[in-house]
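Below is one structure, written out as structure tokens, with a few remarks after it.
Chains: A, B and C, in written order; residue numbering restarts at 1 for each.
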Amino acid sequence: MSFVRSAALTRTSRPRALIDFYLTLMRTAIQAQFQYRVANYMYMIGMVAEPVIYLVVWSTIAEQHGGSVEGITAGQFAAYYIVWTLVRNMNIVFTPYGWEERIREGQLSAQLLRPLHPIHYDVAFFAGWKLVVIVMWLPIAVVLSLIFHPELDVSALEVAVFAVAIWGAYLIRTMFLWLLGMTSIWTTRASALFETYVMAELLLSGRLVPLQLMPDWAQRLADLLPFQWTFFFPIQALVGELSTEELLQGLGMQVLWTAIGTGLVVVAFRRSVRHYSAVGN
Amino acid sequence: MRALRVAWLYFRIGAMNELHYRANFFIAAFQSLLALFTGLVVLALVFSHTEQLHGWSHAELLAVLGIQIIMGGVIHTVIQPNMLRLMEEVRDGKLDYALTKPEDAQVLVSVRDYRIWQSVDIVSGAVVVAVALGQLEREVGPVDVLAFAASLALGALMIYCFWLVLSTGAFWVVNMWTVAELFEGLYLSGRWPVGVYPGWLRYSLTYLVPIAFAVTVPAEAVTSRLHWGTLVAAAAFSAALFGFTRWFWRLGLRRYSGASA
Amino acid sequence: MPVIDVSELTKVFVVPEREAGLAAAARSLLRRTNREIRAVDAISFSIEGGEIVGFLGPNGAGKTTTLKMLSGLLHASAGDASVLGFVPSRRQREFLQQITLVMGNRNQLQWDLPALDSFELNRAIYQLPREAFVETRDELIELLEIEDLVRKPVRNLSLGERMKVEVVGSLLHLPQVLFLDEPTIGLDVTMQKRIRAFIAEYNRRHGAAVLLTSHYMADVVALCRRVIVIHHGRILFDGLLDVLGDRFAAYKTIEVALADGIAPLEAYGEVLERDGDRAKLRVPKAETPRVAARLLSELQVLDLTIEDPPIEDVIELVFAQEAAE
């Protein structure tokens, strides 16, 4: 039987190979997550508790105060928090805890042996997972809508921007959490750093409440940080009354923050690998 | 009582073990403060937009938060570790070690594991409650304190029963681990007086998952708005729940022993 | 031009000293004492294309550390290494596309899916043209006879089956340099033989250089003509396996169980151990058949086993020799 030595010498082009990789891994992720669909569903249902609680509290306040708080009615709160559940799911990416495990199990070494930047693996795998999540979310959204009667008035443009914005949110958060994850190479206290980040994000991303309800100084602070572009903006794109200009500006901000995140990752990765290779693994 | 002695024994051992890991204390304290901070921020936001929520004033809502944190501390220190370990051992078939000891199995599986450092929550929650009480218009009388202690104990008992019933379910449905995450989500609802929630949710949070009894009722006691009837109902309900739990546990045990022949 | 060229390669680890006890733990908060470990100490060797070289040594000798430095995972503290003309620590893509590092007991394939799916992933990662990939893949599958294994989810495979599938996955890109770190560890004898035969065949067909570490003598004997013996981070021997055997392991051990147990055994060979009616003798290799025959005919023997000396003993001898010279 002849053997093909030439495989070592001729290769497909890099961009094509990369697309190939993404499609293959996304398909793999979909298959794998489909096997775990029950666990996935339980997790998604458990996650619903948080926004429902906020929804109920703010709707109560709204009703007590003549129908709205800062111009947001109970129905609009419902819409906000129901869309929240999808955006929250899109926000779930590879965590620093995963990084610690990856280093411990030797998987990082295995990834470093391959001629492919490890981040592609995470971006592609979770992207495939997200597709499954989006499909699984639809019935949950329907049920929540039947219970809480959201007010929602959407245009085609808003839906389109929303569809893009949720992926922008996904990318931004992937980059920044990867950045945090790499600190596991440098310290064992990466989890403390991560929890501080999560807390800041909780307050300034729109996860707790729509940002209009936050005090002014917090809103101004949020404008300087990437958090609101992973949470508040995607939700507002669909639920709020943003002008075309604001919608497009928002997408632009997402692109900007993705670029910033990516740049930081590229630089930090190089230095982190050097550190990892120096201290032993 | 024998059960208390066993519990104390395990507690001492657990404490000795965990005290060696000072890092865990700082991590637990850090997480506790973060969670507390988040809760306070939400409260502050709510306060900035309204004077009262469903008839509860600022100070009273603060008390609710404090009690939810105290009870959370109790759950994370003693109830949850034991129940999660129980589920894991049922799945791995390791429960036999517990069953062959000369102690009542239910007592054993309920008191052998502790996360001492989680009790940081009990302290921080107590501080919050104290601050809240200081801001109350009304005086807190000795009757209120007694009622508070009683309802707290009953609430803890009911949460324990709830968890044990769920864990006993592991004898039939092996993979119950997502239960812990589901519970965390549901337990967040205890931050607010249960009257805020729409009807069907309120009933679920009272009788299905006894969060109302664990948090809202003690909060009512300490803010002097508790009706005697509620306390009596709590006592009656916990007695019934405990009875059911014990019966269900023995049923599960029989199944387990029969199955692993 | 050698495929692997190593010169004065050194790796030093700095490890904090830790004692037991609460008092020591408290002290360590204030004053951290460190210890230097020279895992690899100025080693030099070179390997030509197509060679299969065994890297022998007991646990902790520095074998895995050396492999990690040669594959780019670890930066050397001092010295130079060149693999296929590349500096490994630069981790250039062209370099990574031509090497593979296989570690026993570690799996890099997707857990829940059939191996074939993971192979597809590797195809994309290594940018392999589809037709060439399919041909290589099928060739390797046939060579290791895993046609029915590749369709089952990896988690459903036994340890040995998983190893076979892992090995195929790691060779799909037809690397020119194979670093194999304890590839047969934990496998049963049959599986060990299959893997060894496979490696030999791959080397024969594709002319790849293989650097294989093991503490199983059998791995080395089956595959390598040349061995490098390493101990405490230093190379003690670099040469043909036959020479190593002849020079340093010129003996075998005979374990014998006697019916009456009191017979004097010194006449037959050096008595290493004596335990009731069991004894272990060291006998020069050439004399082993004769001594064994004598034992069987002159004594009441219940059980007799002839063994090669364990690799650790050979190393000890090599080391002792080195120290003496």
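Rule of thumb we're sticking to: contacts are C-beta pairs under 8 Å (C-beta built on N, C-alpha and C of every residue); 3 or more make two chains touch, one makes a residue touch a chain.
Just so we're clear, the structure is a prediction, and the values are computed from it rather than from any experiment.
Chain centre most remote from that of chain A: C (centre = mean of CA atoms). When every chain is represented by the mean of its C-alpha atoms, the one lying closest to the mean of all protein C-alpha atoms is A. In this assembly, the C-alpha centroid of chain A lies 32 Å from the C-alpha centroid of chain B. In this assembly, the C-alpha centroid of chain A lies 44 Å from the C-alpha centroid of chain C. Look at where the CA atoms of chain B average out and do the same for chain C: the two points lie 54 Å apart.
Those residues of chain A whose C-beta lies close enough to touch chain C in the complex are 1, 3-8, 10-14, 17-18, 20-21, 24-25, 28, 31-32, 35, 106-107, 109-110, 112-116, 273-274, 277-278, 280-281. Taken in their complex, chain A has these residues touching chain B: 39, 42-43, 45-50, 53, 56-57, 60-61, 64-65, 69-70, 191-192, 195-196, 199, 202-203, 208-209, 213-215. Looking at the complex, you find that chain C touches chain A at residues 11, 13, 65, 68, 71-75, 89, 91, 93-94, 96-101, 103, 106, 108, 110, 112-113, 117, 120-121, 123-129, 132-133, 135-136, 139, 142, 173-176, 205-206.
Put simply, chain B touches chain A in their complex at residues 27, 30-31, 34, 37-38, 41-42, 45-46, 48-50, 52-54, 178, 181-182, 184-186, 188-189, 191-192, 196-198, 201.
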